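Here chain A shows up in two complexes: once beside chain B, once beside chain C.
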Partner chain A sequence: MQCVVTGGNVKVLAKAIHSLSRIGEELYVEPQKDGVSCCATVRNTITSSCHLALRSVNSSRSAYACFLFAPLFFSRYSIPNGKDFRCKIAIKSVQSVFRSVATLEKTVEKCHIELDEENDRLTFTLHCKHGLLKTHNLSYQDSESLQAMFDKDACTTNFRVNPRVLVDTVAHFPPSLEEVTVTVSDERMWVRNYVEDETERSKAMLTELCLASDEFDHFVVKAHNSFTFCLKELRGLLVFAESNNLPVSMYFKEPGCPVVLSVTDSVMEGNFVLATLSDGSSPPKNKSKGAHTQQSLPPDDFMNDDMDSYLIAMDTSVASSAAEPPASTLTDPCTSKLPEANHKTRTHSEEEEEEEVADGPDRPPNKKFRSLFFGSVLPPSPQMSTQPVTTQEVLASDSEDES
Partner chain B sequence: MPLSTQCQDDDKKYVLVASLDNARNLSNILKAITFKDHAIFTATSNGLQVTVEYCKTLQASAFIQTEIFQEFTIKEDLVAFQINLTVLLDCLNIFGGSPVAGTSTALQMCYKGYGYPLTLYLEEGGVVTVCKIKTQEPEELIDFDFCSTNVINQVILQSESLKEAFSELDMTSEVLTITMSPSRPYFRLSTFGNSGNAHYDYSKDSDMMEMFRCTKTQTNRYKMSLLKPSTKALALSCKVSVRTDNRGFLSLQYLIRNDDGQHSYVDFFCCPDEEGEEE
Partner chain C sequence: MRFRGKIVDVACLNHFTRVVTTISKLTKTCVLRLNPDKLFFVLSGKVANGGVGMWCELSQANFFDEYQMEGFNPENNEICLEVAPENLSRALKTVQNAKSVKVKLTKKHCPCLTVSAELPTMSSISRVVTHDVPVDVIPTRLWHELKEPSMPDFDVSIYLPPLKTIKNVVDRMKNLSNFLVIEANMNGKMNLKIETDLVSVSTHFRDLGNPPSGDGASQDGSPTRDPHSMAEVRVDIRKLQQFLVGQQVNPSKSMCNIVHQSVVHLILLHEDVSLQYFIPSVA
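And now, the complex of A and B:
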């Protein structure tokens, strides 16, 4: 694989990597090939499907980000023929290549990315001014494909806004604020900080902002809704959007479904998928959808609320099984818990987190990953697609016992 | 100058009297070598040399020539003592570290000789502070025996580009290797860290390269922890000369320009890392 990035695009690439670093600790690099293995649910403006995907996901699978770069983004772009290539690299190592973004613009003339398969290395070479050449040989690990399942078209709420508006909005919230609740009606959007307990509400400082629909370039709300998500992860995208002066689009369906934030231009697209709480305003309630009626979870250091809704549907198939098109599963991703789990044949991923739950369905897997990974825990069977509900109920009841 | 009156009466007793209108001309340079508490002051008619040593493998010296001082009187050929550098710097900055525009701290250093403390008179805005710092027997300095006849490779670079490289160096790497060669890669700094290795190559044709004199390809390893202290000096400097000799010893010489446009030098000598010396 060989890519050459020149001029201002080096800074764009660097900023994308820094944005991804705010999501997870590893950078997943995957040059996409024609057709099938592309994430077909991402409706984007890039007509060619041979783009370079840079992705990251957080450890609890509640935030995912993906940047897709079209071949035109690069001054030269060639990908390996034959087998699919994908790898993951510690994101801090890649960040160290592009450490100082401010000086990048002034000093870097081009950036050369080359794959050294013999040594399992990805080489980043920065050709800088004054005859300085910086070469970084970063070791990578083979990884599974990482794609989040989401369908922007099925969303009932979507809007597009100048990033400055969002940056100004979030500036009112302290950097330490974890979650924020967004409520939408026909004409307005409210943004306020999320406070978990009723008792805390009286002690905490509550901040609420209201934005009128005319502040947005595009504002469509088909259903009045409230959704709560993690603000910290959003900030990474906002920094990127503002520096590249790209409008931010937001897509949302209902609480519990992830909110998707996108930025696009002619040669690049970035998607941030953030999980939302099942009900934006209060502690766990009955969830009528899906088979999960998980309610009171034992408190842990994660969310007290229904954690399942806070996990993003992920496809983490290993290379060999990546060929199956996911498109058919996604008419409505939120009705059944994890549709892709029912349709795909899974083999154990190499992720450490999944190994934790690989003991099989006998014991309820680690809470944080339960609903996400039961798909990979179960052996592939033709009955999977017809009996997901049963399986889910088994897990749910174990958890209920624990509480 | 108000301070000249302080020492007049004891004039005959002092073996060394040095005055500066701006104490920063001394304190800034000393900051570049403050990685150990104790330093050895050596004064000759040429000026002042302050040396710090670390583990017998690293030696850093700051040279402040006589011309930099407004007054420099020395009664013996050589005056030497050991002193706590941290305390000295604290005293030099006694009126506050951050300089206010238009004001400067005037300094007069007086030393009576063996066994006597170093007396500092510092004045700013009419306020005078007197500091007396104990001196000790100077330890013997290692002679790295680095002479120009044994120098195999030398480059002189503008500090700006080297500053960038040093600020980005992978600190998870235990060693820094320096390759100097008459052919590609000419001048290369390499690190071997947790995530992989990194190389910074400076071409001999680069406009940052002021002088390039490499006769033989050499790659030498140095402990990163030894070179790290040199980054302070690098930050203050405008040019740096890098030399390696036939034993792989490294000499880094930094040219520092002070507020008044005068030059001072800071030298670092470093032993190569024993384990895997390659040629």
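And now, the complex of A and C:
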């Protein structure tokens, strides 16, 4: 395999890798061969079959990202004939090749990526100014194919927006914030931070931002819904989108089903698939932030800020705070909330349980974000064979035969 | 109890945010006291705080374009809330480019100070952001702890050198010792000293000037003090450093009062904000 990236595209590639590093620890590299792209797109389908896929997934399999680069992205692109090639590399190693994007921009003219199969290495050679060559030999491991199944066409709710809007929105939340809840209605989108614990709720600061549909290039909502997902993983995509000035599209179906965020241009497509919390709550009705009050600017009604009712309660036992309806275990086939919940999905649940142990200490306990969308590809194991293959409208059919 | 304030002017918003940010660097939690004319950020010098006390006073008219409040009852027309200034600071920092910012006392899942702002957008409809900062209402029976601390019978009162200079000195000294001695006299001299087994370091400031005596409520009634004699206080260096780290704006006046071997009282005056900070001495 040999690819050559030149000029400004080196920076694009570098940024893509940095984005992927926000998701997982390993970079999966796979030159696609087939005519069928597994990341079906509504528009700008990269039908040309031989594109290069760079993917990553997090340890709890609740976040997945994939960048597809068409042959036109490269100034030269040739892939090994015959057998499928795929590998995975520690993403930190690849990041170190493209470490400083600013320097890359100024000094690197070309980047050669070559496969050295005898030594199990991918060689990255940066051709820099003044004839300088920087060669990085990165060892890879053979890997399983990593493909998430998702169908954007089936997503009834979708948006497209300038990345600046999302970046500004996200700026209101602290960098440490894990999860956000996005609620949509016909004309509005609310983004608020998600606080898991009852106890935390009384101490945590709650932030909510309301965006009007006017701010979006495209805003289609079929059902009023809320979905909660991990913000940290999204930030990687936003940085990429903003630096390349590409609008971000969001596709969403219902809580529990993953939300897909993508950026595309003529030679490249990036998709981030993030699991969402399956809480079945409709847009919150108990808070004053309910849909109807936000249609117009909040009225200047002083009266609503009356504290008297609180004062009376102060000396007596205070009633428990108005709680969100507890996330119910839905029988929605998309749902897979807790390890012990009935896993009717097409995931390999036992696999997930084992993986939970592997979660690093800094990862939130993503029990609720059980991976929902991986229909592939690990070698058959005794558990797999007993898994019923469920029909699932969101899923494509079982992944290609791995032999 | 009700409170609602609105800030429209960008400079006022900026200034208010900087005040709150300074407070947030000084303490994790404090009391916000509101009365019809002023706002106070208060930290009472309890043992729990390491004896450190803080009193910050702002005149509301200098910041808010609209300000309405109703206190607990007509006799006690004030509101006292315990709040984490860091949250408030974070909320305010994100809305610096807002068309207007409202701060209200609300009851959401718990009593909150809600900061809501309209942000300018490309479209005709503004973006509305709301931050709910949880607060604890302080019952009236505890209000006596939140009174303005009386000016102590100080031995020496002296203007401070530029805060940045002191901060540089203190930062370096912190690496060597945990305790620092501040001493000064009524002749414009101040020394910052540390002493360990291995080394002693002192930094001398001269010609600082002393505020005119007769300043402040209670004054030392005893015979005139020898202007050259030093009053000193030995303090925990981290507390002093914490005070210095937070200062974002150069005050128009800065001074300190020293009660010999008891407490150092730092006073920073800006145009519309005054900040007092008490650091007790350690043995």
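In this text, the second predicted complex is superposed on the first by the 269 of 403 C-alpha atoms of A that agree within 3 Å, B and C clash if a C-alpha of one lies under 4 Å from a C-alpha of the other, contacts with A are read in each partner's own complex, and residues count from 1 in each chain.
We take it that a residue touches a chain if its C-beta (ideal position, glycine included) is under 8 Å from a C-beta of that chain, and two chains touch if they have at least 3 such contacts.
These numbers were taken from a predicted model, which means no experiment stands behind them.
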Which superposed partner A:107 touches (first chain B, second chain C, both, neither): first
Pick one for A:96: touches chain B only (first), chain C only (second), both, or neither. first
Regarding the shared-chain residue A:210, is it in contact with chain B (first), chain C (second), both, or neither? second
Examine A:223 and indicate which partner it touches, taking first as chain B and second as chain C; both and neither are also allowed. neither
On the superposed three-chain arrangement, identify whether chain B or chain C touches more chain A residues. C
Chain B versus chain C as contact partner of A:133, first or second or both or neither: first
Going by the contact rule set out above, which residues of chain A touch chain B in the complex? 89-90, 92-93, 96, 99-100, 103, 107, 121, 130-139
Show me the residue ranges of chain A that touch chain C in the complex, using the header's touch definition. 168, 171-172, 174, 201-212, 214-215, 287-289, 294, 297-298, 302, 304-311, 314, 321-322
Using the touch definition up top, name the residues of chain B that touch chain A in the complex. 161, 164-165, 167-168, 170, 185, 194-203, 205-209
Residue numbers on chain C that touch chain A, as the complex places them: 1-4, 68, 72, 87, 90-91, 94, 104-112, 116, 118-119, 121-134, 137, 139
